[in-house]
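Chain nomenclature is as follows: A, B, C and D, assigned in order of appearance, with residue numbering initiated at 1 for each chain independently.
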Amino acid sequence: MNEALAATWSPGRGLSAWLREVRHTEIGKRFVVTAFLFFAAGGIEALLMRLQLSRPASGTVGPDLYNRLFTTHGSTMMFLFAVPVMQGVGTFTVPLMLGARNLAFPRLSAYSYYVYVVGGLLLYAGFSLRAGPDAGWFAYTPLSGPAFSPGKRMDVWAQMITFTELSALATAVNLIVTIFKLRAPGMSITRMPLLVWAFLVVAFMIVFAMPAVVVASSCLALDRLVGTHFFNHAEGGDHLLWQHMFWFFAHPEVYIIFLPGLGMISAILPAFTRRRVLGYDVVVLATVTTGFVAFGVWVHHMFAAGLPQLGDSYFTASSLIITIPTGLQIFCWLATLWRAPLRFATPLLFVLGFFVTFVVGGLTGVMLAAVPLDLQVHDTMFVVAHLHYVLIGGAVFPLLGGVYYWFPKATGRMLNERAGKVSFWLTLIGFNATFFPLHMLGLHGMPRRVYTYLPGSGWHHLNLFSTVCAGVLGLGILITFVNVVASRARGRRAEANPWEADSLEWAVPSPPPPYNFAEIPTVGSRAPLWEEPSSRGVVTGLATDQREVVVTTLLDAAPDHRTILAGPSIWPLFAAAVTGVGFIVSMFTPWGLPMAVALGVPVMVGWFWPKGKPTPLHAEQPGTKAA
Amino acid sequence: MMPASGYALAPAGPQAARLAHVFWVFFAVALVVYLVVVALLLLGVLRPGAAAVDEPARLRLVAVGGVLTAFTLIGLLVVSVRGGHELNPMRGAKDVLTVQVIGRQWWWELHYPGTAPDQEVVTANELHVPVGRPVLLQLVSRDVIHSFWVPELHGKRDLIPGHDSTTYIQADRPGVFRGQCAEFCGTQHAQMGFLVIAEPEDSFQRWLAVQRRPAPPQQELGAQARRGQQLFQRGTCVMCHRVAGTQAGATMGPDLTHVASRTTLAAGSLPNVREHLRRWVADAQSVKPGSHMPPTPLSATDQDDLVTYLEALR
Amino acid sequence: MSTPANTPPAPRSLDASGLPSHAFGHRAPLWWGVLLMVAIEATTMALLLVSYLYLRGNEDAWRPLRLSWRILELAVVQMALLVASVGPTMASVRAARAGRLRATRSWLLVATVLGALMLALRCLEIRWLPFRWDTDARGSVFWMTFGLHTAHMVTGVLENGMILALLYAGRVEEKHFGDVEAGALLWYFCVLEWVPALALLYFDPLLWPT
Amino acid sequence: MRRPCLALLAGATVAMTTGTMACKHETHDVRPSSEVSQAGSGVVLSTLFAGGVPSAIAGTLQTSQENAFAMNEGKRLFDAYNCSGCHAHGGGAIGPALMDAKWIYGSAPENVYDTIVEGRPNGMPSFRGKIPDFQVAQLVAYVRSMSGLAGGFWAPGRNDSMQVKPGENTVSTQAPVRAPGAPPP
C-alpha cells in the first residue's frame, strides 16, 4: 500500500521534477535554507557595519556604501530572512502536526517560494550593481521619494517589498485553509498544537497587515515613476501618510516574526520537560490577544513626529497593554519548567536563552512605549539594541532551537549536540556583549544609522568592544551553519521520534515519505503520541492512485468529504516568472503591469485548466436528473 | 575643544530633568521585574524535583503574575503621561526667545528674528541661548525629515516638510551642549551636528549685537584679507554664501557674515582653527564626502588670502 | 489532562470511502481560499479609502473638485450594471449547487457579459475624467482606487470567462461547480467594494461639502 | 539534485554581497576629485581663453549624461544657482525654453558646456570661475534631460513642490532641431 502511495505522491527525479515540486516538506526546507542564506548575507553586512563603527572617523566604508549596507542589512533581515523563515517552518511543520498529507493549495506554496526567491534576487542584483536601496529599511519619504533618491535604488526596494509580501500572503492563505479544513479527524479546535495556533494567528495578521505595505510601496513607486502626489505635501499629499501606512504594517510584521518563535517554544518545551505546556487556554488566548492588539500600537514609532499628545498617550497605553499577553505566556512556560525533570539538549538551551534575552528586550520595549522616555532614545542606538534583543532574542533563539529540534525530522540525521552547545554559549554571550553596550551608547547621544562619529564624542570604547563581540556572535552562528552542513551527510541517524515528543509530526518516519502519513491518524487528545498506541485510530478507504485526502469540519474536525489535492506542476514557476518580469519591467515603464496581465492570462489558464483523466460528471449522483 | 556628546541622564534643563526622572522610574521597575523573572527561571530549572504538577495551583500563580503585570503597567502609564504633561510648561511663560531652526541637508540654519527685517540674525549650526530663559524653537525643514535633539536639554522633535512644529528648550546652567540630527537624512546624516551655547543674559545680548552688524567694510581689511575678499567674490564662494554688507547674498549655503565667531565648522565636525578652515575650504569632500560644498582648488597663496579674509569676518 | 466534555470522543478508525467527493460553500477549502483573497483585497481597498479621508483632512492643500454630471451619471450607470449582474450570478450558483449544467453556464454568461459591459463603459469614463493621476493628491488617490477596482473587475471577468470556457467546452467535473461558487464570491466582492468607493470618490464634494 | 541548486544559490548570494560590479547609471560620485572641480579658470592670467571642454572634465561630462545622481544634482543646482530665474523650470521666460526641441547653440553636451561656461549673447552670463566643472557637467546632464536627450529611465522624477511640469523621466525624447536664426554650427 505504501509503494502505491509513494508512487502517487512523489514527483519523480531530475531537474524538471525539482522545479515542479509541490510537497510542503520540500518547499518548507527550501524556504528555510534560502532564508538562512540571506541571513548569512545580512550577517556579513552587519559585520562590515560594525567594522566601520569600531573606530571614530574610520575610512573603511564610505557614507554611500554604508547607507546601502545598513538599508540592505535591515531589508534582508526583515523581509528576506525573518518572515520567510517563519513561512518555511510553518509550511514544513503545520501539515505534519495536523496529520495532513500536504497543504490545501500545494501549487500556491510553490508559487509563494518562487516569488520570494525573485524578490531576494532582485534586491541583491540591485545591491551588487551599486543600485541597492540607501534610505533605510523603512524608507521615510521625502528622502526615499523622487526628489531625494535618484535612480532606481528605492524602486528596487519597493518592488522587493511587493514580491516578499505577495509570498507571505500566499503562504498565509495556504496555512489558514489547511488549519481550518485539513486537520486529522478528532483534532478539534481545542486539541490543536500551540505552534499551529501561533501560525493561525500569524497568518491572519499577515492577511490584514501586509496589504498596508503593498499599498504604501506601490504609492511610493508610483510617486517615483509617474509623478503621483501621495507624498508631496505641496500638492495635497502628506509624508506622515507614509509613516502611518508603513508602521500600521511594520508593527504587526514584527509580531508576525515573533509569534511563531513563541509557538516553537510551546512545541519544544513538552519534549524536554516531559510535561504538557501548562495553561493551554491561557497561551492560546494570549496569542490571539497579541494578534489583535498588535494592530493598535503603530504610532509609538512616531512619538517624535509631533502628533497631538492625547493620541500619543493612547498609543502609550496600548503599547504597554500588549506586554501582558506575552508576559502571561512567559509565566505559563516558567510554570511548566518549574522543577521539571529537564534534559539539557540544545533546543532547550536556546529556549532558556530566549528567557534571559527576550525579557530584556521586552522591558526596554516598555520603556520605549513611554512618550517622555521615547523622545530621548528614539532613533538612537538604544532602539537598535531593543529591536535586536526582541528579534534575535525573541525569534532567532527559538528558531535556532527549532532548527536543532526539527532537523532530525527534516533530514533523518541528528545535529551534533556538542557543537550545538558550543554554538549556543557563543551566540548567547556574543549577542549580549554586542548589543547591551548599545543601550549606553544610545543614552550618550549616538544616533542610529551614522556611518562615522567624531573622535571627541566619547563613543569609541563601547563601539570597539561591541565590534569585537560581534565577531563572537558571528562565530557562534557560523558553528551552527557548519553543524547543519556537516550533519546533513554524516550526522547520527535519527529515528521517527528522537525527542519522545507528543505531536503528530513525530509519528511519521524521518525524513517523512512523500505521502507523510500511510493512514491519516485520528486524534483523541492534545498530545496524540503520549496516549497509548492502542487507542489511536486511523482513516482508511482513501484512494492510493490519486492524491486523495479527507476534509474535516472547522470546529470539531469531524470528517466531511474527500478531495483531490493538486500534484506537481510547472505553472507556479511560470506564474512567478511572469509576476517577476511584470513588476521588474514596471520599475522602468508603467507598461510593465499591462504586459504582466497579458502574459499572465495564458499562464493562469495553463495553471487552472483541468489535466489528466476526468471523473465522469454524474458518476455518483444518480439522483440529479440528466441536464 | 569640541565638547563630548550630550548624556541624556545628565540633564541641564527642566525638560531633560523630567525625562531623566521618568527614565530612572522605568529603569528601576524593569530591573526588579528582570531579576524576578531570572530568579524564577533559575529556581525552576536548577532544582529538578519530582514534585507532582498540581495544575490549578500553578495556574493561579500565573494569574497572580498577570494581575501584578497589569497593575505595574498602569502605574508606569500614569508616570509616563504625567511626565509628558510637564514637558511644555513654557506655554504661558513670558520673555520667551523665539528662534527659527531650519533643517537643511546636512547643516542647521538659525534665524533670530529682530524688530526689523534688517535686524534679523542669520547664523548656522550654533544656537546661542540665554541661561534660564525658555527658548521657543520653530522647526522647519526645507528638504527631507531631520530631527532636532540635544540630549542634555530636551527629547527630540522631527522636522517634517509640510508639518512645521515647535519645541521648547531651556538651559539652567551656562555651557556648551552638543546636539545631533537623529532622523536619517541622507549621505552626511552622521556629520550633521550642532552646538547649543548657553550663556548669561548680558553676554548673549552682546553676542546678538555683534551678529547684527554687517561684515567689516573693505577699508578696514588688511591687504591680504582684501585680496581674499576679491577671491571670495570672483570665485565659486559667492554662488552659495552670504556675507552681509557685501555683494555676496546667496542663501544656499550657511551665512558667513560672522563665520570666525563660530567655534566649529561643517555642522559641528571640525574645530574652527586656521588649518581646519583651510582644509575645509580647499577640499570639503575629504571632511564630509557627499556634502553639497564643492572642493575649491586654489594655489597656496590664494588659499592663505581667502582664509585670512574669512578669519576677518568676526 | 481531562478532555473537555463538549468535544466529540475520538472516532476509532474510520472508513472515508463513504464520504462525498466534493462539497459546496464553507465546507470546501477553495471557498475559504477565495474568501481570504477577498479579505486581502478588501483590506487594500479600505486602506486606500482611509488614506483618501486622511489626505482630505489636510484642508490647506485639499482642492475639492466637483465632477461633471456626465461622469456622475456614467458612474451610476456602471454601478447599476454591477448590481444587475448580482442576480444572474446568484442564479448560476443555485443552478451549480443543484448540478444543472446548462442553467449554470447560461446564467454565468449573462453575469459575465454585464461585467464586461461595465468595463467597456469604464474605458469611456477614462477619457472623460478631467484630471490625471499626477494633477494632485486627490487625483492620485482617485486613480489608484479606480485602478485597483478595475483590476479586481478584470480578474473577476477573466475568471468567470475561464469557468465559462470550461463549462461550455471542457470536460466538466463535480468540483468545477464549486469553482462557480468561488468565482461568485469574488464577484460579490467586486460589486460590494465599489459602493463606498463610488460614494467617496465621485460624490465627495457633492454630499460632504468641506 | 539539491546540491547544485544550493551551491548556485549560495554562490549568487555571496557574489552579490561583495558589490563588485558597478552600474554606471547608479553610482553616486560622492567624492569629486579636485581636478574636476576646477572652476574652468585655474590661474587667471588673461581674459582670452581657448574654447572647448578641458580634458580633465570631458570624461565626467559624458558619464554624467546617463547618471541618475548627476542629473538629480543638476536639478538641485538649476534652482540653487537661480538658472530658473531666467529659464523658469524649462518653459523659458527671459531666457529661452530648455524643454523644447529647438536649440540655438547646439544640443551636444560640449555645446551646452560652452554655453554655461562661456555665456551667450542676449543675456546668458558666463559662469566661468563661478561653478566647478563637475557641477557644470551635472547641469548639462539635467538641461539635456529636460527634453529627453539624456537619462531616459534614469532621468529625475517630480520634485517635492507645486507641480510645475511632469518629472523629466516621463518626458518623451524630442529630436533636437536647430532654432531659426541660430548661428551655423
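Annotations
As a working rule, a residue touches a chain if its C-beta (ideal position, glycine included) is under 8 Å from a C-beta of that chain, and two chains touch if they have at least 3 such contacts.
Because the structure is a prediction, the values reported are computed rather than measured.
Here A is the chain whose Cα centre lies closest to the centre of all protein Cα atoms.
By number of C-beta pairs in contact, A-C leads over the other of B-D and A-C. A separation of 35 Å divides the Cα centre of chain B from that of chain D. Look at where the CA atoms of chain A average out and do the same for chain C: the two points lie 30 Å apart. The centroid of the Cα atoms in chain B and the matching centroid in chain C are 52 Å apart.
Mean C-alpha position of chain A lies 39 Å from that of chain B. Chain contacts: chain C has residues 134, 136 touching two or more partner chains. For chain D, residues that reach two or more other chains under the stated contact definition are 28, 30-31, 158, 160, 163, 166, 170. Among the residues of chain B, those in touch with two or more other chains are 143, 161, 187, 289-290. The touching residues of chain D, counted against chain A in their complex, run 1-2, 5-6, 9-10, 12-23, 25-28, 30-31, 68-69, 71-72, 153-154, 156-163, 166-167, 169-170. By the touch criterion stated above, chain C contacts chain A in their complex at residues 1, 3-4, 7-23, 26-29, 32-33, 36-37, 39-41, 43-44, 47-48, 51, 54-55, 58, 61-63, 98-103, 133-134, 136-141, 143-144, 154, 158, 162, 166, 170-176.
Against chain B, the residues of chain A that register as touching in their complex are 62-64, 67, 135-136, 140, 142-143, 147-148, 233-234, 238-240, 275, 278-279, 282, 304-306, 309, 312-313, 316-317, 320-321, 323-324, 327-328, 330-332, 334-335, 337-342, 352, 355-356, 359-360, 363-364, 366-367, 369-380, 443-454, 456-459. On chain B, the positions that touch chain A within their shared complex are 1-9, 16, 18-19, 22-23, 26-27, 30, 33-34, 37-38, 40-41, 44-45, 47-51, 53, 55, 58-59, 61-62, 65-66, 69-70, 73, 76-77, 79-81, 83-85, 87, 143-145, 147, 149, 151, 154-158, 160-163, 165, 178, 180-191, 193, 268-269, 289-290.
Residue ranges of chain A in contact with chain C, taken from their complex: 104-105, 108, 169, 172-173, 176-177, 180-182, 185-186, 188, 190-191, 207-208, 210-212, 214-215, 218-219, 222-223, 226-230, 232-238, 241, 244-245, 248, 276, 522-527, 535, 537-542, 550-551, 553-554, 556, 558-564, 597, 601, 604-605, 608-610, 614-615, 617-618, 620-621, 624, 627.
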